[in-house]
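I've put the structures underneath this note.
Two complexes are shown next, each including subunit A; its partner changes from subunit B in the first to subunit C in the second.
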Partner chain A sequence: MKGPLAVALLGTVAFALLPYIVPAYYVGLMIPFFGYAIALLGFNLLFGYTGLLSFGHAMFLGIGAYGAAVMTGLGFKSFELMLVVVILASVAIALPIGLLCVRYVGIFFGMLTLAFGMLFHSFLFKFYYVTGGDSGTRVARMKILGLEFAKYNKIEFLAGPFYYYCLGLLIIGGFLMWRIVHSPFGLHLRTIRDNARKAEYLGVHVHRFRLAAFVISAAFGAVGGAILGFRVGLADPELVYWTQSGQLVFMAVLGGFANFFGPIVGALSYILLQDQLQSLTQYWRFVLGAILALIVIAFPQGIAGLAVQLKRLVAGRPA
Partner chain B sequence: MSAFANILAGGVFHAAVLFLVAAGLQLVFGVQKIVNLACGSFYALGAYFGITFIGYASQYGVSPWLILPGLILSGILLGFIGPPIERLLRTVYSRDGSFQLLLTFALVLMFQDVFKFIWGANPRSLDSAYLIYGTISAGDFSMPVYNLLVILAAIATAAGLGAFLQGTNYGRILRATAENRGMAEALGVDVRRIYSAVFTLGAVLGTTAGALVVPTSAASLDMAIEFVVEAFAVVVIGGLGSMRGALIGAAIVGLIRALSIVFFPEFEVIAIYVIVIGVLIFRPAGLFGRALA
Partner chain C sequence: MTVLLETRNVSKSYGEFRALDQVTMAVREGELVSVVGPNGAGKTTLVNLLTGLLEPTAGEVLFRGNNIAGVGPVALADHGLARAFQLIQIFPQLTVRETIAAAVVSRQKKRWRILARLSSDAGIDARVAEVADIFGLGPRLDTVAAALSQGEKKLLDVASAFALDPQVILLDEPTSGVSTSDKHGIMKTLIAAAKRAGVKAIVLVEHDMDLVAAYSHRIIALSEGQVLADLPPDRFFADTHLIETVIGRRRGH
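Now for the complex of A and B:
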């Protein structure tokens, strides 16, 4: 148990020092990383630990972002209050959807979640007098921990106080998820993933546990979405489109969904990769697609899996 | 009332195109058990290539009357992309279904930029040459004959596929492979070749559909990712792997879109997903699918 703690501490220290080392641009780039990383922690509880591939998970990003927009629209300026509200909203929405979805596995679960995701997308897209349609809804600036930080402009705010705030959220989220997957509850989920019928035979309420995993992952998704929406200052339907859900799966696989830190590594690599590719070529999607194909074919364990293998290789050979 | 007929005719045309793409999706899923997200990309590829093909043809003085056969030909020519893509997918056949899905998602991303690279980011369209076939009109009702021909072509394809799958020896082999791959292989079926052929046929159905639709609407970068979710809706409603399901599903989706545009424009897309979800909940295997164990 020492290894993961060391990785987490090292990561925390590295991210805490980052604003003093790299240019402000990259510090700002870390905000979407935090958003995606938190969402992916939840996504991977479902995908990596429970074995359910959701192809509509972007819906919960959307609930977070639109929740932030609605809250600031109503004049509430507290980020924490907003987080509580979007978590409750995502739980309220994930419960009935999850009840219907968890009866299925494999491709049917994927398609049902895709259908719900697209249903939500078309609602956001078509009911423009409620949601602003394709131009989206504005997310105004908010207070964090009750502090205004009025002397910072938005960019300084994002790269300064908000950066550390998001880092804190990721650490809290990571800690919670670590406790969840290493609790008896997490063991139940893994049992269900490996053999649902046997789990049921042993007295595990398969549907109930899957539903719990679905709801927890939705809440994490909403927190991630709120960060993403707040950073852009806009909640738009693009965040909910099925390709965005595909992107979440991409990140999880890129990092390696079999590893606890895989999704976080995946989010970071994806954000940096996309940023670099976009500055190099307008055909960055092609390169990303080729990388995804390569990972799927040759390195299904992802980056984290490769790192573990490398470590074993090094440890196996005495110096 | 005739305005209503116009809309209905539009819905049937849309359904005809949807059927072709969905039939390709069904064939590939039925035999290979792969859900091919890239079917929308094949559709878009067909559309772009159709424009280029007809452009060249008219430069060389090919009669505009040949636009329909020309487009069908261009769709079939694109079949050459089937085998190499199938070869790529072959690397993950033994893997979990989610990896196969992801690999086709990678194809979607790559195709998107291939279109941008070759045909540019702006939508491309053909001129209205297709109106050369004339227009049927009765009172306020009017419909280009071209659209009618496409609907007939789709019906002919449906009948042809049905006859092929049910009536020919090769069709029987395909169905046997879909039913039980291992047993088919044991009886001497070259499953690799079957997979390659099926994937190519599925791709050709998609590219031909794209080519056929392009005279009536522009080819754009978004059409691939927009169309695939609709094709998905069709196969889920009809039942994964079922040809009859693709036909009925396409008719339902096409008509619902047409009707909701008239009655409740806000619900145009929502209505489709509500039906999809309803079907998945009450008949998870779809209207014509068999329950998976």
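Now for the complex of A and C:
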């Protein structure tokens, strides 16, 4: 258990020092990283640990972002209160959808979640008065921990207090998820992933546990989505489009879904890669696609898996 | 002796086809009952009914007096009835420890402990070590199931079912895929383990008449969905006509 704790501590220290080392632009870039990383912790409980690949997970990002917009629209300015509300909303929406979806596995589960994601997307598009249609709806500035930080402009706020606030959220989310996957509950999820039929005969409530994983992953998605929406200041239907769900899958595979830290590594790598490639070429999607193909073929364990292999190689052959 | 598991006039039809017809049988405390019969006799259907996977078209399936028809595997595990499959069923990515712990978690009703640390639960740990020991898997606790030998996988499969503390265990051809020389070894391990684990009765579905003869207290022969015989081994094997039917002369020969 020493290894993962060391990785977590090292990562925390590195991110805590980051604003003092790199230009403000890159600090700002870390906000979407935090949002995606938290969402992916949840996504991977479903994918890496329970064996269910959702193609509609961006729906929950949307619930977070639109929840933030609705809350600020109603005049509530507390980020924490908003988080509680979007978590409850995502749970309320994930329960009925999950009930339908968890009866299926593999491609059928994927297609059903994709369908619900698309439904939600068209709902956002059509119900103009509630959602602002294709132009989205504004997410106003909020207080964190009851503090206004009025002397900071939005950019400074994002790169300063909000950066550390999100880092804190990621640490809390990461700790919670670590406990979940290493609990008796988490063990039963992994038996479902490996062999659902055998699991049933060992007393595992397969459907109920898949549903629980789905709901927990939705809550993490909503928190991530709230961060993403707040950063841009806009809840926008693009955030819910199926390509966004695909992007979550991409990040998980890039980082390595078999490793606890894989999705976090994936989110970071994706954000940095996308940023660099976009400034280099307008064909950045092409390059990203090629990288994904390469990863799937050559390193199916992703970047985190590659790191573990390298570590073993070094440890196995002392100089 | 108390009856643990029984069927009363159970029939199961798939459309026109009657897989089981008015089957009445009972498994009592302390017994090892073998279910034999040619392919298509209805053994699998009977096993699936006994384990609550299928609902009978007519009749009752009782486990310690409770109707378990169609209750499903999870409820059955809670009742105290476990099943090991003919084809080896393991969790490829889980270690031996985790595989057995999964059953112990169910047994100790700790499955909803979402934030508890599995590794620091002494109650689970102790039971896992105990079960692993019974099956000689103690030294392999931290080995991933996929890396075990075929024989060890079979033992792990059964060990995880035993970890549920079942009163009755249903073994579906437990020695299939195991070499002839190992068959008796595995059977002896299983029966000894069952005794140590406090299992009160075993239902064995088996093709191999050697094993059936050596270990059964009673033999139930099925043919075309009906109970053909329900006899102790000495009387069963004295009836050559019966044995011919059960071993199954292929049609057209």
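Everything below uses one rule, namely that the second predicted complex is superposed on the first by the 319 of 319 C-alpha atoms of A that agree within 3 Å, B and C clash if a C-alpha of one lies under 4 Å from a C-alpha of the other, contacts with A are read in each partner's own complex, and residues count from 1 in each chain.
We take it that contacts are C-beta pairs under 8 Å (C-beta built on N, C-alpha and C of every residue); 3 or more make two chains touch, one makes a residue touch a chain.
Worth saying up front: this structure is predicted, and the values here are computed from it rather than measured.
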Which partner reaches more residues of subunit A (counting touched residues only), subunit B or subunit C: B
Contacts of A:L288 with subunit B and subunit C, given as first, second, both or neither: first
Subunit B versus subunit C as contact partner of A:P300, first or second or both or neither: first
Subunit B versus subunit C as contact partner of A:L176, first or second or both or neither: second
Partner chain(s) touched by A:Y104 [first = subunit B, second = subunit C, both, neither]: first
Partner chain(s) touched by A:S135 [first = subunit B, second = subunit C, both, neither]: neither
Subunit B versus subunit C as contact partner of A:M118, first or second or both or neither: first
Contacts on subunit A seen with subunit B and repeated with subunit C across the two complexes: none
Contact footprint of subunit A on subunit C as seen in their complex: 51, 72-74, 76-78, 82-83, 85, 89-94, 98-99, 101-103, 105-107, 110-119, 121, 124, 157, 160-161, 163-164
Parts of subunit A lying in touch with subunit B, wherever the complex brings them together: 47, 53, 55, 100, 103-104, 106-108, 110-112, 114-116, 118-119, 122-123, 125-127, 241-243, 246, 249-250, 253, 282-286, 288-290, 292-293, 296-297, 300
Touching residues (chain side subunit A, partner subunit C) in the complex: 1, 176, 179-180, 182-188, 190-191, 193-195, 197-206, 209, 212
Sites on subunit B touched by subunit A in the complex: 35, 37, 88, 91-92, 95, 97-99, 101-103, 105-110, 112-114, 116-117, 225, 229, 232-233, 236, 240, 265-270, 273-274, 276-277, 280-281, 284, 292
